[in-house]
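You will see chain A twice below: alongside chain B first, and alongside chain C after that.
Moving on to the complex of A and B:
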């Protein structure tokens, strides 16, 4: 199965967006407007729900014509592309999303064709819908594929503590380091798991155009 | 809308391919998947957190009935999604300089692909077939793939040190601690805000 690399699953969904001439604004614009306001921090739905390392949503308006001599063609539907790099397998990941963030999922996918009328709370129907939209990944590359999201968040937090410990214990007697490292080890074990996306990094330029 | 979240950039590239050529690309990806040494350059670049290529055959855009009109395309489409650290220019430059053969093997089946060298027409091509990201989430936006690998290495070494520390004499511990510091010292860099590079 190409969508899997180690313990990480590469989920790719192409969800057709409702084309309703009577909808003002159109459903694709409603999705875009909603996503533009969606949090990226610890209150992001993908931080609240388990398992997402990195995920993106893209509104695909049409395919691009690359020029002659290739043929020009266009999509009849617009699609919502969901690309997620997540722990475990597809069904357990999607079930986790449906259980934790059903309203957030409905707010996005209710603009898509075939989404269950009763939304993500109807988990069997939600899973069936998502499977119909899934495109199997042809080749998935994940250099770190044996750690869960929580394990990585814990490792990143612990590394900062350990680096500080090493810097602050230079030149100290071995017995003191030995005593204190035991205390640090116990403390790290007792800390709660870090929140995903809790550390936000600001960038002056955020569009990521080709000149950046 | 943003293609960037912290230290990660989301690239979306979609290119058309003649269906008669798609099987060759599938074969190349199959070889890449089963013969791990073929991924060595990709791994050594050390700035890709996750990447994937998805071939959508001409008649396989999801059709869910109802009011949707079915998409019957003439071309197959190659979707490329990358999550990389650094800037767009650094990424494309590195790909062109280090992986030009590999890139050509993957994209030469796409219509109008100019080749990955020289880099200027390659960048123009990628620009023309790239889509912006509407929402981009990262659970650890402050960390690069190097930071993640380093954190796991340090944690494994720390765990090993601490499980034996309590049963060691101070002299034995001093030796273990020295080895731990030597092994970890190059992985202790702080994470945080990425520098703005132009």
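Moving on to the complex of A and C:
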């Protein structure tokens, strides 16, 4: 397996979180507090930065003992897990992040062991740090195909327009369909590329069932 | 395990009685001691799962809400050992079940809006006379013992057509196919009713998917209250009164049917079939995609024996069809194993006046307003893992079926801008089709979660013997 699937790169980082009994609140709680407030919309740093299909940040405290017959094990450190499915190759993606959202990166990773003192603005040191934390990605986010983020967003937008067109034109005379599909095609071609994370489907699904 | 002790299990838990008349009584305990006296008098009258030589004139079964068990003053250690969703009750699970908007509690019948129901007491009967006799007997018992007050009751019954009772519901579909088989439950098994085995044969599901106290499909005991004796041979029931907007349904079928395919009466019926996955006579669309086939419906070896694995694109049975959503069989891969822990047993019956035939012009709003629908009752060992999962993930959402946010067309609660896709192919007889401007065909009018105890457990309740230590 490899961290590459066609043109999409799967970046997985395990970054040890600073263990400092003197830090109150602890660094892992500080990361949690910061992540809890991160936007999921178009102003999310990973929507602003180029090329991210999906980014996920997880604070991994420890592995949990679930009872026999498994054996009890523990991690040596708490980790920040970063997973991203992104366009292109790793170095140019990380460089893009560092150029576009350095403050957002520093706010998260400054709680991690070995992160450069001068943060993401020191691009060579930042790249070296992130690469040191990388582990191989073997599974990708299921819907990721071999298209770029922009191609995917355009395709999703077009699909929504076309589905609406079909639903409103079923049973209409062929001449009318032909005329309107030409207009739809011209319209789609004229639209600007959609912004990442701009389409927010509200799905009010409560938790508490056996579905999480 | 070879055979269950059917005489310790309520008959309603093991099988549908197929009796045409029913009345469901909703009781409220006023006093624990008198309530126990009532249960003592009821105990010998409860119908067990023992096989009949002759069908009785009427059957009697009983179940309790968590509030009811609190009112009977069960030990706290027992009360808090019930699964949380049962303790909370159905109303409190509304956001999970999608019981919002038109389905929210402020639209429910009064008896369900107020949290007073403690007991579900069910009479199923051969005739209206037998029903009345049993009902009168229950009223007398309530008066004599002072054990509970009758808050309300719900009548239900099979719909007669040409003098014969049928398994039709008010939209015109033949209902009640495909309840699962369980290990140890004695009944005539049909291919297609249990779980799919490698090699394409069918086997009964583990008993613990229905009854507490037995291993389930994961080889575990279902979450159940203590002590074990109190839980064992019991099950959980969801009771939902589902109002059917028959006028809206007929109007939708007529209007959409005109735009589907060639737009004649035949395609209207085909659209009705594609929505549910069965033609209205009950023929599975997967087995007979072009026309209903009475020979299949009437053959118990064929009418539930089908799979979707060869039809992943949904060109025969649409991916979002009701019966495919609620029992996807092998559609999700892994030889169908993803559905074994999501099965429920249904015991539904229609209620309300029979609607006039479809060819009679009736104002659709008038049809909608009549108090008619289905009393949906489903049994399972775990309300959250089985019923709630199906309701939330497969009825009110489409992701598992690769349908995004699409809901079940027939019973989903629809909002603005929703669509329902019917897959097709390039032939004129089977075109793809989008339904849009989706109305709400079904509205919830109330209900709750109930515990159906074993006969032993009912005796323990009656004699105040529930001891969790």
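One rule holds in what follows: the second predicted complex is superposed on the first by the 163 of 212 C-alpha atoms of A that agree within 3 Å, B and C clash if a C-alpha of one lies under 4 Å from a C-alpha of the other, contacts with A are read in each partner's own complex, and residues count from 1 in each chain.
Definition applied: a contact is a pair of C-beta atoms (placed from the backbone, for glycine too) under 8 Å apart; a residue touches a chain by one contact, two chains touch by 3 or more.
Keep in mind that what you see is a predicted model, and the values were worked out from it rather than measured.
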Inset, instruction - Considering only touches as defined above, state whether A:23 meets chain B (first), chain C (second), both or neither. - result: neither
Legend entry - Touching partner for A:166 - first (chain B), second (chain C), both, neither: both
Inset, instruction - Applying the touch criterion given at the start, work out whether A:58 contacts chain B, chain C, both or neither, answering first, second, both or neither. - result: first
Inset, instruction - May I ask you to decide whether A:183 touches chain B, chain C, both, or neither, giving the answer as first, second, both or neither? - result: neither
Inset, instruction - Could you say whether A:158 touches chain B, chain C, both of them, or neither, answering first, second, both or neither? - result: first
Legend entry - Partner, of chain C and chain B, that touches more residues belonging to chain A: B
Inset, instruction - Look at A:191 in the shared chain and tell me whether it touches chain B only, chain C only, both, or neither; answer first, second, both or neither. - result: neither
Inset, instruction - Under the contact definition given at the top, report the residues of chain A touching chain B in one complex and chain C in the other. - result: 163, 166, 201, 203-211
Legend entry - Residues of chain A defined as touching chain B within the complex: 2, 8, 10, 12, 14-16, 18-20, 31-32, 35-36, 38, 40, 44, 46-47, 52-60, 63-64, 66-67, 70-71, 73, 75-77, 79, 81, 83, 85, 113-114, 129, 132-133, 135-144, 147, 149, 151-156, 158-160, 162-163, 166, 173-175, 177-178, 181-182, 185, 196-197, 199-212
Legend entry - Complex interface listing, chain A residues touching chain C: 163, 166-168, 170-171, 201, 203-211
Legend entry - chain B residues within the chain A interface of the complex: 1-10, 12, 14-16, 25-26, 29, 32-33, 39, 42-43, 46, 48-56, 60-71, 73-75, 77, 79, 81, 83, 87-89, 111-112, 123, 125, 127-129, 131-143, 145, 147-152, 154-155, 158, 161-162, 165-166, 168, 170-171, 173-174, 177, 181, 184-185, 187-194, 196, 198
Inset, instruction - Quick one: which bits of chain C touch chain A in the complex? Just the residue numbers, please. - result: 85, 93, 95-96, 100, 258-260, 263, 382, 384-385, 388-389, 392-393, 396-397, 405, 419, 433-436
